[in-house]
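In what follows, structures are represented as structure tokens.
Each of the next two complexes has chain A plus one other chain: chain B in the first, chain C in the second.
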Partner chain A sequence: MTPAVVDPLVQVREVTRKFGAFVAADRVSFDVPRGQIFGFLGPNGSGKSTTIRMLAGLLAPTSGTVTGFGGLDVAKDTERWKQRTGYMSQKFSLYVDLTVAENLRFFGSIYGLSRSALKDRVGELASRLKFEPLLSSMTRTLSTGQRQRVALAAALLHEPELLFLDEPTGGVDPRGRRMFWDLIYDLAAVRKMTVLVTTHYMDEAEQCDRLAFILNGKLIAEGEPGDLKQGLRGRIFEVSPSGDPFTLLPAAQQSGALEDAYLFGIRLRLVATHDGTADAARLADSFGPSQTTEPTLEDVFVSLARRQAAATDKVQS
Partner chain B sequence: MIIADKLTRRFESVVALQEMTLTIESGEMFALIGPDGAGKTTFFRIVNGLLKPTSGTLSTEGHRTVGFVPQRFSLYPDLSIDENLALRARLYDLDANKARARAAELLNRVGLGRFGARLAGNLSGGMKQKLALCSALLTTPDLLLLDEPTTGVDPLSRREFWMMLHQLHHDGLTVVVSTPYMDEAEYATRLGFLHEGRLLDVGTRAEILNRYPRALVEVRSPERFAVRARLAQVADIDDVSLFGTVLHVRGRQRDSANASLVDIVRRALDGLVPAHAVSAIRPSLEDVFVLHGDEEAA
Partner chain C sequence: MRRMLALTWKELLQIKRDPMTMKMIVMVPVMQLLIFGYAINYDVKHMTTVVMDESRTFESRELVDKMQATGYFDIIGRVDSYQELRTSIDSATALVGLVIDRDFGKDSHRGAPAKAFLIVNASDSTTSNQATGIVSGIASGISLKVLSTKAGWKSAATPVDLRIRPWYNPELRTADFIIPGLIAIVLTFTLVQFTAISIVKERELGTLEQLQVTPITRWQLILGKIVPFVLIGYVQTLLMVVLMGWLFEVHPQGSVAALYLLTGLYIAAVLGLGILISTIAQTQMQASNMSMMLVMPFVFLSGYVFPIGGMPTIFQWLCKLVPANYAIQILRGIVLRGATMRDLREPIFWLSLYTVGIIGLAVVRFKKTAE
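So, the complex of A and B:
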């Protein structure tokens, strides 16, 4: 795969990480474009967190290189690299028995910020990320959404150019997620920060400028959301059946014209095979009012994951 | 049937659940929706008998056994899949042979059949949830409670998990599930919106959407910031939220006879967004969720 990014901020080349016999990341190569939101998608356990941690300088690759920021190498210039990157872990990593302000002062001092600079910075971030009233609250009393905003602030204290967010909205409710993404969008668009983020929410993935799909440690697809959907365009039919859509599924799943059939909310979505669109359209009509619809990133994700699973089964049998 | 009557639970000064009155019929698939700290987990724990109400009553008439899939993975990570299920069978005093057969059947059904010897701690997020489901079903419950079972689970595993829930519901199991995914909530026979311990709205999807009290307009434009900046100046609009790649614009009220929100938005965005990229839309459950949250925060 030839990365197609002009003047990238970070270049990842042939990065592999093994844990014993297990290959968590397998010759992963891609470019992180400057000033954009780069999304990392993949099933649980596919190697996303491992890859992010290598890019953040928290885990050494078994082989391969990560370079960027005009000539730094994460393996050789680890401390300077960390000064220019921020990392927010999937697991909440603040101290629950400290107040919000105490946590931020503690993390800021690790990055070597002076007392007065830190005070200004904490105040500024608390106002921007909308948790000013919580500064003196015990961290344990915060909701998941509030905790995530404070954790984001901790990752931003030293004003990094590149921010890594590992599933920042897991367990956050829809309103909290929206608020969080407004902040991410603001960081990229207004403050020209580069953001690399993983998520399982496909509506969030839609907001990324560029996406990479990781499966079983391998990067299997990469590009802009619109381009990734291209292969599925015209092949997705959405049916609004009058009765229980679940009862229609067995018939749909047996059709040779379909690659996939699933429920989306109370609608039924049918994914036609490459040559099956005419038959799929007839089948969709027989179920109820139907129309072709734009593929979602979830369609792309599932299609890629299924293809990979089929390939793996073939190898194993 | 689950009948909650003025169900209240306090933790010191915090009211986790406040006079909740709700009936869930046998055979329903009921979705409980609400932000963090709304009281969903407290409700599940009371129904499951893990917690006593401070006041009010809860009865689970006609349900002999309850299966519970908690939000946090609570099986033993240092036991294998088979060992976890065998242990649970013993705790519930199930016949060992029957339990083994039932476990095998359940594991096969969720696609974990060949992983019986694998340590639970070494399973991926999606597999852990499937195991938790098998564990909850081992005792053949007629009521299944699931507290955000698909949070942190990837889309393919999430879809597979829901297909299993459908099948179970189809086979007659009563299912009560909480979820932050509104597309999952759509499947439910009825939904309840919880907020800060209070049940704000209960009904079928159609009933809840029909009650949505505002006008709603969709704007498709890459110029998100400019659109938002302009709409922020319009008094008739009280929220602009991003839904995937489109913006949902919410009016302060329903459309009136002399002003439709579409016209207001088109006028405000004149020269920036073409008229055809602005259209009236019906609300989704996610719009309802956002509105409830905003109203309560105000």
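So, the complex of A and C:
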């Protein structure tokens, strides 16, 4: 099901990670194309973070391989791998008892930047990420949004080719999130950096060039957002019911022709099964004026999850 | 190397900004030195004593005077009844009670055994042993004198001439014995905790993970983090060696270079223990408590204040498991006896063995928990 990516930056093959009996990642395989924003989507505890941590060299896979950058293996060439990647996690991870400049100088030295290169780089990032006035402030005094920008700068100091972002916008307000994503687009588009980001915000996922859906440690679908939606096109009906939409919901959920039915504001959204489009259309019309609409990533995810659950049930019974 | 130095620089900067840690580096050695140096003394003088002298003769007064002259007994009262004496001892107003028999004077004239009773509060065995030892000595002295007079010996020479020469600590000062070992105890007290907390703190805050995504290797990470604590350990050692000489006139008799070299070996061991604790403790609180728990056996089973020779066999075996034991043997050897590294090869061997073992285990465990 994985469409071939031409000349990928990183190849992930059959990667499994177990914690005792628990399988956090189960034979995950995919390619990360160059210069794109690659999104990892899935509920909490689905194995997104475990997978990204293995790619960043923080966690050794129980089995499987992660290779890239023209022949490097994360397990064997760990140091060189880490020199070419950057990582920023949701949890704020700079030293609060050092100033912003001291933090950046410290991480820059760890990445082996010379004193003069470090000075230039800190100046450049501070102006680009707009925290120049904060350089001599104690990191403890920064707001969440400010800290996030400084943390991003710390991850970018050594100009990594691949940047890992593990739920980078958790706890950040919408304006901060918007600003952060503008920076990410800029990095990918202008600086040709490859970005691998985990998120559970659908609107953020919508902006990615490529997406992978993770559920219960398994990669259940992967591709460009448009392609992922393709299978659901024409199967989503949006009804503006004349009556109370809430009373219609149970009936809709009972229908065999529907995969899913949920409220969307005062409207009702119906997702037809693969073969149930005609029946679903009739049902939608019976509720009120209806029309087919473009599927959202949420529709895609719910549909995929449902199919996955059905498949698992079949295997078990 | 540059990465390691960057880490060390960062660590020192953080320590400098933490007033609590800065205070502990200096206050712990100073406080412990003052407490253990001045307060602990096994040689108990001025034991409170009550006397019930029923004889009231020259001979009975001679016995009491001799006791008082040693400086170990303070006669705080004379009582007339056994009941009164009992009350003094029961209420702990007196530690020692001396009862002199009514016929003490008469019996010594007659050449019959003159009777006296020494009652001691033996709940404190150290003190009571000391009291009985001194009074027995006085009694034998008097007996010998009486016997020699009776036998008509001219000279006062005794049949056995035992001369005691207390080497290494001629004044038998407890401080001399305790203070060199204090170096090992203070290093354990501060460094295990500092190291454990500094690592657990980074894990709690997520900065350890941020370090682990950089190209820094595990050894660079561990070394970079512990170098500042090695420096702190040496600052404390230097401080204690200076204060030892200045306050207590305890000067290292042996090679100072050997002292610092071997202290370094022990510092490595305690830093290893700190790293080990950091791999088990989840929070800074746990790390702190575990470090404190570890200090207990290091103080009690290292021969620091309680002599290992007096312990039951099983505890003597347990003592062999405590690295501080060997460090204290080495420190006492160099400071008090002027021992050379050759003289100390056995404790040096064991301490090295433990140090290598602890560091090895710490690094292996650190790798596992890093994931």
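Here is the rule we go by: the second predicted complex is superposed on the first by the 285 of 317 C-alpha atoms of A that agree within 3 Å, B and C clash if a C-alpha of one lies under 4 Å from a C-alpha of the other, contacts with A are read in each partner's own complex, and residues count from 1 in each chain.
Going forward, a residue touches a chain if its C-beta (ideal position, glycine included) is under 8 Å from a C-beta of that chain, and two chains touch if they have at least 3 such contacts.
Computed from a prediction, not measured in an experiment: that's the story for all the values here.
Peer 1: In the superposition on chain A, see if there is space for chain B and chain C together, and answer fit or clash.
Peer 2: They fit: once the shared chain is superposed, the two partners occupy separate space.
Peer 1: Based on the superposed arrangement, let me know which partner A:263 touches: chain B (first), chain C (second), both, or neither?
Peer 2: First partner only.
Peer 1: Considering only the touch criterion stated at the top, classify A:79 as touching first (chain B), second (chain C), both, or neither.
Peer 2: In the superposition, A:79 contacts chain C only.
Peer 1: Looking at A:207, would you say it contacts chain B, chain C, both, or neither? Reply first, second, both or neither.
Peer 2: In the superposed model, A:207 contacts chain B only, not chain C.
Peer 1: Using the superposition on chain A described above, determine whether A:284 touches chain B (first), chain C (second), both, or neither.
Peer 2: neither
Peer 1: For the superposed arrangement, I'd like the angle with vertex at the C-alpha centre of chain A and ends at chain B and chain C, nearest 10 degrees.
Peer 2: For this superposition the angle at chain A equals 90 degrees.
Peer 1: Determine, under the contact definition given at the top, whether A:93 touches first (chain B), second (chain C), both, or neither.
Peer 2: After superposition on chain A, A:93 lies in contact with chain C alone.
Peer 1: In the overlaid three-chain picture, which partner chain does A:188 touch, first (chain B) or second (chain C), both, or neither?
Peer 2: Neither partner.
Peer 1: In the superposed model, which partner reaches more residues of chain A, chain B or chain C?
Peer 2: With both complexes superposed on chain A, more residues of chain A are touched by B.
Peer 1: Looking at A:106 after the superposition, I want to know if it touches chain B, chain C, both of them or none. Which is it: first, second, both, neither?
Peer 2: A:106 sits against chain C, while chain B stays out of touch.
Peer 1: Once the structures are superposed on A, label A:58 by its partner contacts, choosing first (chain B), second (chain C), both or neither.
Peer 2: In the superposition, A:58 touches chain C alone.
Peer 1: After the superposition, what is the least C-alpha distance between chain B and chain C in whole angstrom?
Peer 2: 12
Peer 1: Pick out the shared contact residues on chain A: the ones touching chain B in one complex and chain C in the other.
Peer 2: none
Peer 1: So in the complex, which bits of chain A are touching chain B?
Peer 2: Spelled out, the residues of chain A in touch with chain B are 42-46, 143-145, 167, 170-178, 181-182, 185, 189-190, 200, 202-203, 206-207, 246-247, 249, 262-266, 298, 301-302, 305-306.
Peer 1: Which bits of chain B are touching chain A when the two form their complex?
Peer 2: Counting only chain B, the residues touching chain A are 34-37, 124-127, 148, 151-159, 162-163, 166, 170, 180, 182-183, 186-187, 205, 224-225, 241-245, 286, 289-290, 293-294.
Peer 1: Over in the complex, which chain C residues touch chain A? Could you list them?
Peer 2: Against chain A, chain C makes touches at 2-3, 5-7, 9-10, 13-14, 17-18, 205-207, 209-217, 371.
Peer 1: Give the list of chain A residues in touch with chain C in this complex.
Peer 2: 56-60, 78-80, 82-83, 85-87, 89, 91-98, 102, 106-107, 109-112, 154, 164
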